[in-house]
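We call the chains A, B and C, going by the order they appear; numbering starts again at 1 in every chain.
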Amino acid sequence: MEQRSLAEVRALVKSHEKPARTGRKLGEEIFFRSLMNIASVLIVGVMGVILVSIFYKGISTFSWSMLTEDMGSGFYLNRGGGIKNAIVGSLYLSLSATLLALVVGLACALCMNVYMVKFPKLLNTARFLLDLIWGVPSIIYGAFGFSLMVFFGVKTSLLAGIITVALFILPIMIRAIDEVMKTVPTGLSESVLSMGSTRSELSYKVYVRQCFPGIVTAVLLAFGRAVGDAASVLYVTGENSKTPTSLLDNATTLPVAIYNQINSPYAATQDKAYASAFVLTLIILLISLLSRYISKRYQKYRIY
Amino acid sequence: MNISNHRRTRDRVITVLTYLAMTFVLLLPFALFIGLAAKSELLFRDNSLGQLLFSSQWRPSSGEFGFKPFIVGSLYVTLIAMLISAPICFLSAIHITQYAPRKAAKIVVTAIDILAGIPSVVYGVWGMVFVVPWLGRIAASLGIQSNGYSILAGGVVLSIMVIPFILNILMEIYRTIPKELTEVSLSLGATRWETIRDVLNRKALPGILAAFGFGFARAFGETMAVLMVVGNVVMIPSGLFDPGYPLPALIANSFGELGSIPEIESALMFAALILLVVVLVFNATLRWLIIRVEKY
Amino acid sequence: MDTQAMDAKMGAGGSAKPFEGEGIIRVDNLNLYAGKTHILKNVNIEIPKNKLTVILGPSGCGKTTLLKCMNRLTDLTPDIKVSGNIYIRDQHTGELPVFGAKTDIVALRRKMGLLSQRPFPLPMNIYNNIAYGLKLRGKYTRAELNDLVEYYLRQVNLWEEVKDRLRSPAVRLSIGQQQRLCLARGLAVNPDIILADEPTSALDPVSSEAIEKQFAALSKDFTLVMVTHVLRQARRIADYVIFMYLGEVIEMRPAQEFFEDPREEQTKKYLSGAFN
């Protein structure tokens, strides 16, 4: 072989040449491409089926009075009432938890991207630990929050729920903000620092402004998770058939209310669960729409 | 001079606070572990770890805590969910990133975003209203005694919930494969499909496995939706239409009994601890694998 | 000669053929838009068979795009519109249009090998990097494959360096070795034309020289089309030079004439280093 000329070897290869397309090849590609199409259509279809069925069931059982009335006593025993307290409770809980998580989360993301860039090993360890807790399920935060409560001898309350949910959404928030901040070019921070800014000014003024759309998206993402999660607060907020008026009141949240309604033995109460699920889905969809709109709109305020 | 001093002090205070926040967050995984471990300590007084994990005897009132039915229940439900969602995610990820025209890809991506946003409880309601009765009818037509509340129902609902999670990771993996690799393979005379099959999939393989691993960990801890459709009977399921009782469901469901017997509280915290350890070990191993693979 | 160069510039139809002998690629009035950007403007050139033709020009002048048009890798980028055409000449079938509804893209691409800017070894071991293309195109016995793999690795002087670790992943080779492997991989599938997109830009001087030497030797058997922005490299190895600027072909000449006696004002400026 070694002694053969290139031309001879090329002729040999040429003699083995098969046509570029054969029936078998084409058949295989068509088969897998149809499977892929089916998979994608299935996903869109399932999404459609879920939304349509939730909306259909929900709208047919929905009444406006549900939004304006508190549950009152005996709600799950079919004694009437609405879900105003649950909606308001959920909003109180999620807004405060998101705010709390934002303060801590923003500081963490800035810490990693502005302060810790000088120590790459430390930074890698930090990101590794964050990746670890990123996937921790919410029920664990629920159990942890409960054991904290017992440890400190505190009773169930809105406040305990806020802290628990804040812990739960914190890793989600940090990761989302960190992803955006990683993309800020190093040249930007160098030029700002060389202009005589301190690092804290760099982070809180420049980085926050530069990453504003990303931060807003992260906040809405975390807020959506907070509103929709039931498992983390099952243990810690207690139940309240009225709208909570202080941080130390018990609070019922919308997802927990849905869970309790659907498990009620009364058909009428179960119907209300469908309507409540519809309301919750609507809230979540609105948040996601808002987040798309904002991230598009603020894109143009970026310096780069 | 004064202003400069003021600025420097402010800088220091902010720096310290920032590092404090960071430290707090980084301690969180350890705090979770220690908190739950301390609480489950009570359980170890009368039971060995082996008994807790591998015994099927669950009689809280007589102090017997065998977690095997719950662990097995969790595994079954998660495995069913993965068997359904993994192929769908794999195929759809290739479709979206390689074949689909832009508009079609956008529709699927939007659908995924919506699925990702729907709360667990809503999935649960949907499962109770549609999946459970539907499976009940199927079981009846097969001559199996089941009301539909089963590990299969849990697996089906769960599979839909983890699809957006896995699919998003997979799409990211295919998107980060350099375009030049496709160019090179096409230039060798491969068709588009051969390129995907032999080159892109091989390149993506470690990432694909990691995505499935993360999906598994995610599904393993999912609580509300599964709890609502899985039946919650303490037993080791022997068929798809048998009910099961996964760990997260146990924790969430036994809420009402908290405080009555200290051992029960301890048992629930131990259940949470098992979940936590599984998730942390999965996450840590997969991260480590990804880092190792990236080095090549 | 003068009128032909003018024709090429004006895009006035008739092809510019600044060489004796057989042409293999003919670019006919090619225009390419990416979105609204006009990237290639009225390109008319002809590329000689079994010679080394260098496409030269400052970065961003469309030379890589022109190269990728030749084997339709432009298909991978959405939003690209093309008018005009490229024809590949073949003794048996005559002229094969590159952009055409009936064109078999896979068959077309099989006529051309590609060497990219950075080496992109397939995610397989060294052996399979060479064997993959062969196996796609024909049936070989294990012994035949072994022979061919060895033969082509020897062609690029890589055999001695890798013969003991043919089964280890190709990515573990050094960048220079990887690029030679990629060249061997491209040769093994037996193309008529080799397209090279700045193949030495990621390499150290020693590896770069090795590749250049390979290229000079290969032009006896293959038509080589190489994109570069390194003047000295073009000077060293080119038989013909196509000079492009801002999406237009300014001049196409035999290398010696091009460097010693440039006609166009822009070429003179470029050669004197004004654009770099």
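Here is the rule we use: contacts are C-beta pairs under 8 Å (C-beta built on N, C-alpha and C of every residue); 3 or more make two chains touch, one makes a residue touch a chain.
Just so it is clear, the model here is predicted, and its values are computed rather than measured.
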Original post:
Among all the other chains, which ones are in touch with both chain A and chain B?
Top reply: C
Original post:
What chain pair has the highest count of contacting C-beta pairs?
Top reply: A-B
Original post:
Farthest from chain A in C-alpha centre terms, which chain would that be?
Top reply: C
Original post:
Which whole number of Å gives the spacing of the CA centres of chain A and chain B?
Top reply: 14
Subject >> Geometric centre distance via CA averages, chain C-chain A, whole Å >> reply: 48
Original post:
Out of chain B, which residues touch more than one other chain, so two or more?
Top reply: 189, 191, 194
Subject >> Numbers and ranges of chain C residues touching at least 2 other chains >> reply: 106, 110, 137, 189
**OP:** For chain A, jot down the residues that touch at least 2 other chains.
**Re:** 20-21
Subject >> Complex interface listing, chain B residues touching chain C >> reply: 102, 178-191, 194, 198-199, 202-203, 296
Original post:
Quick one: in the complex, what on chain B touches chain A?
Top reply: 7-8, 10-11, 14-15, 17-19, 21-22, 24-26, 28-29, 31-32, 35-36, 38-39, 87-92, 94-96, 99-100, 104, 107-108, 111-115, 117-126, 128-130, 160, 163, 167, 189, 191-194, 197, 214, 217-218, 220-224, 228, 248, 251-252, 255, 258, 265, 268-269, 271-272, 275-276, 279-280, 282-284, 287
**OP:** Note which residues of chain A are touching chain C in the complex, please.
**Re:** 1-2, 4, 6-7, 9-10, 12-14, 16-21
Subject >> Touching residues on chain C, where the partner in the complex is chain A >> reply: 104, 106-107, 110, 134, 137-140, 147-148, 150-151, 154-155, 188-190, 221
Original post:
Any idea which chain C residues touch chain B in the complex?
Top reply: 68, 71, 73, 76, 78, 106, 109-110, 112-114, 116-118, 120, 122-124, 132-133, 136-137, 169, 171-172, 182, 185-186, 189, 195
